[in-house]
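Here's the structure, in structure tokens; my notes come after.
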Amino acid sequence: MDILLQSIVTGVLLGGLYAIIGVGMSMIFGIMRLTNIAHGDIMILSSFLTMFFMQHVIGNPVAALLLTIAVMLVFGFCIQHFLINNVISKGDEPALLVTFGLSIIVSNGLFLIFGPAARGVPTELIRTNLINANGISVSSMYALNFVVAVAVIIALSLIMGRTSLGRGIRAASSDTLMSELLGVNTKRMYVYAMLLTVTTASIAGMLVGMTFTFYPTTGTQYLIIAFGCVVIGGMGSLVGTLLGGVILGLAQLVGASFLGSAYQQLIGFLVLLVILAVRPQGLLSKAVRK
Amino acid sequence: MNGIFSKGPAGMAGPAWHARRIAPIAVLAVLVSLAFWGSDYLLSIMILIMCYMAIGQMWNLLGGYAGLVSLGQQSFIGLGGYTLAKITQVYHLPVILAFVLAAVISVLFALLISIPVFKMKGVYFTIGTWIVAECLALFFSTWSFSNYAQGYTITATYAFSTAQIYLVALAVGVGALIVVMAVLRSRLGLALMAMRDNAAASEVRGVEQYRTKLKCFLISAAVTGIAGAALYLNQAFIQPANAFGISWTVSMVFIAIIGGMGTVEGPIIGAVIFVLLRQALYNFPGISMMLLGLIAIAIIMIAPRGIMGIIRRKTQFEIFPVRRHPSA
Amino acid sequence: MNTILEVRDLGISFGSNQVLKSVSFDLYENEILGVIGPNGAGKTVMLNILSGILKPGKGSVSFMGRDILPMSIVERTRLGFGRTFQIPRSFENMTAYENGLIGSVYGTGATERAASLKVPAILEMIGLSDRKGVFAGKLGLIDRKRLEIGVALASNPKLLLLDEVAGGLTESEVSDILGIVRGIKEAGVSVIWIEHVLQTMLEGTDRVMLLAEGRDVVCGPPEAVMSSKEVETAYLGA
Amino acid sequence: MISEKEAILTLDGLNVSHGDLQAIFDVSMRFPRGKIVSIIGANGAGKSTLLNTIMGVHRPTSGTIAFEGRDITGARTSGIASLGIAMTPEGSRVFEDMTVTENLLMGAYLPAAKRKRGEQFEKVFSMFPMLKEKSSQLATFLSGGQRQMLAIARAIMMDPKLLICDEVSLGLAPVIIKDIYRKIGEINETGVSIILVEQEVRRSLQHSAYSYVMAKGRIVMEGASDALPIDEVNDAYFGINRFA
């Protein structure tokens, strides 16, 4: 019983981490109808950057994160402005394949620079427990992940729902021509959306780097997880992404508690496949397939 | 073979018509003869070109013709490879049986997963097929039947000379080409052409979308499975992470994009460039992949129809015609 | 006269927008029924329901006594529905001949060989035999409209749905189209023809129905409908 | 004929093609400042293409478009809008998943309009009290007429110099159409120049000072609206003598 309870607690918290990985992908999909295959690699890129800044520039993790975000903003601007904006109107496929190429470039670039070894962002949090009672333990790192995820998702929801910037982005996404007629430069809105996305990916990258070890090629693995959160929660829904992450985390850990930890990932993927086949529009989405 | 390569436009006769009939036979003769005079190094490169051309053709049949952008074709490579390993290494049965079974198992598996993945549209299909492959990788590394994550060393390889393996690869490569040509020249090909042009309109004209796409999916699974067996016959060592790894599909996508999606010639050009570039930068694997990524992005942005698209626009050149012409 | 198509109380809404409120009519065998109405009256939506692209919210449609609403687009095509689109949806990267093949092979289930014997005759009928090998995307508007009709005909339809085939054409081109449609009728096909150019409707149809604000307002002989108060109101405002 | 000086918007020798098909043939038009001008034509006459070209959605193959003497040919749509041209496109195109207020805020997106936002809100709400009542409702729950009002109100939020209304009466009940035209008149009285694009001849002539009649991509008739004989406009509209 304790094992199950422990699995549920850890699963929910892990789901928070998954959600913050997925939330950027959800934004990009919701706004540009683009599945960013490079999303996982962009996140791992920021894991490496944070690690690099902490080791060589500044020890403070928050300062390193800010530096990472700064670099990633430039990177995000470039890929959106020079690459994606130029193919987004040519249908789904070209944009998808561009991000696919980008994914290969980023992961191989990281491989060239940092080599194949496993890396981590150093932190004490992973070794300490926030709660340790009645056989249930909660790792400080997992707790931090969840809190940050919730905070980021609330912040993003506020930006998208309440600010002029968010309205502009939403308008550009729902009716490009009408937005242009109202003076909204829709391509610029896409750039802003990408900037928000890489910011969340940077935060996710640091948390992932602190929680798990990572390699240059780990990006693809997290892409599937991100995609999972997004699909379960309904493409484009921010709160849904959190729910998606939690369901995925729970499925993995509860499943593993029955079948053994070797099956943790497999169970997660199978749950995802079933959901994709049965309700491809997501669990929360009200949309009906035509 | 003749039937497939020789159908020129009606009313076409004389030298050009003969060239069209003779040239493929001549090229094939040269390729076969290579087994007897080519150096082992040349042959080992040709093996890769042939196998990659085959899997590139199959990805192109899905992505370039049927509108099914899959990132999960590595499922069939892995199944083909494991079939070979299991048949030769564990059951000590002839290699040829492994090739037949590779196709059969791939088709059956494709049929099985078509139930969920064909419910997914567009990008959902793309990622869904990928997740299937990842599931296979995870499952095979926990499955005693496939010897967990250790996989197998395929000793059958050492019973063959490089030239013999080359002939197998050649058969796979040419076979894939013939399959694609046969598909494109059949009723199915006509439907694919229409669907690619305007899916909604093709449905109004009576083209069943589901069935047409499923046929392509199964055909490409069969050939990719066979090519997987050939690739692992050459590689002699198989493990789940590698066998079901996304990098197989990465290469297929690059081959199709660079050569030209939706053309028969494209994957041939793409496979040659892919293998040669990778071989030239053999000691810098990261750089060759980055370079391929850059080339692919540049091509999507500048010339979306690939190298073959550029050649066609300039010259109307076509080695493998699939168009229909009214009889005189 | 035998009724080939029976439409009763057809309605459809998009969100809160009730595009078709209630449309009922009969189509007789070997008849050309013209459908007119101002922009937004729901004419194309009605055709899309008939050919299976849209599912209606209410009402019934029976074709030769069979309820067709549960049928898919492809099933209806095989059953004998042919149609053209306002903006021609020919296969632009395929030649006129190949476009015809698609219609014949997949509309009737014929083999490619059988179709290759039939298609040239159809191209002849629609006046495109000298442009067989031209890509549909390279054809001019009139030829593309002709080709649309040809591809629809290649599937041996019993009922042909024409959506604005005369729109955007010059007067002599329109009379060409009129000739083709008359030929189709003589071959025993029933036609529902939507058009904005009222003149064409007057000359080319057996009966005309006015569709306005999602309802069938009047239906009858072309001259009577055209000179009715209802048409005046619908087109020129009250 | 309207003089160059009076004109707020000038089109000169415009030709527009979609691929191989030419849609607009050598169109020259002048729209006087402060007046309502109507463009009348049947479906397919080229009205929408013309508007889209003015707004920078299509690029003309030749010819120029000038707004207040400034060449805007080929400029980006959002750039043209920011100069003070608002357009309510066919079918209202309100943002369905935004509230009425949010839709109006989208109208005041440009910095200049954002500064005058409070004032514009008052103006719009006094003109369309219905919108004030429904201000926190999602636009998707509005009726057809209410959507059209919202679309016009959103355009007013931009504080435009020129308002282009494309088929505002499409699919609406006569009472509502009447109401909308009254509002358009009121907007015009505040000094906004207006272009009305319509299919309905009588109403167009009634509500405008000057009219252009389009058929098959060309201007076939123009003149002061009260001087145009309605029968001739009708004939031009249908392209041919209707019942001949």
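Letters A, B, C and D mark the chains in the order given here, with residues in each chain numbered from 1 onward.
We adopt the following convention: a contact is a pair of C-beta atoms (placed from the backbone, for glycine too) under 8 Å apart; a residue touches a chain by one contact, two chains touch by 3 or more.
Predicted, not measured: the structure shown is a model, and the values here were computed from it.
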Note: chains that touch subunit A and subunit C both are B, D
Greatest Cα-centroid separation from subunit A: which chain? C
Please tell me whether B-C or C-D has the greater number of C-beta pairs in contact. B-C
Centre to centre, by mean C-alpha position, how many angstrom separate subunit A and subunit D? 44
Counting in whole Å, what is the centre-to-centre distance of subunit C and subunit D, each centre being its mean C-alpha position? 32
How many angstrom between the C-alpha centroids of subunit D and subunit B? 54
Contacts with 2+ other chains: residues of subunit D: 96
Is the way these chains touch best called a line, a ring, a star, complete, or other? ring
Check the chains against each other and report every pair that touches. A-B, A-D, B-C, C-D
Please give the residue numbers of subunit B that touch subunit C in the complex, ascending. 186-187, 190-191, 193-194, 196-198, 200-208, 323-327
Quick one: which bits of subunit C touch subunit B in the complex? Just the residue numbers, please. 51, 53, 73-74, 77-78, 83, 85, 89-95, 97-98, 101-103, 105-108, 111-112, 116, 119-120, 132-133, 151, 155
For a test of understanding, state which residues of subunit D touch subunit C in their complex under the given definition. 20-21, 42-44, 96, 140-144, 167, 170-171, 174, 199-203, 216, 234, 238-240, 242-244
Of all residues in subunit B, those that touch subunit A in their complex: 69, 71, 115-117, 119-124, 126-128, 130-132, 134-135, 138-139, 142, 246, 250, 253, 257, 284-287, 289-290, 292-294, 296-297, 300-301, 304
Can you list the subunit A residues touching subunit B in their complex? 35, 83, 86-87, 90, 92-94, 96-98, 100-102, 104-105, 108-109, 111-112, 220, 224, 227, 231, 262-263, 265-266, 269-270, 272-274, 276-278, 280
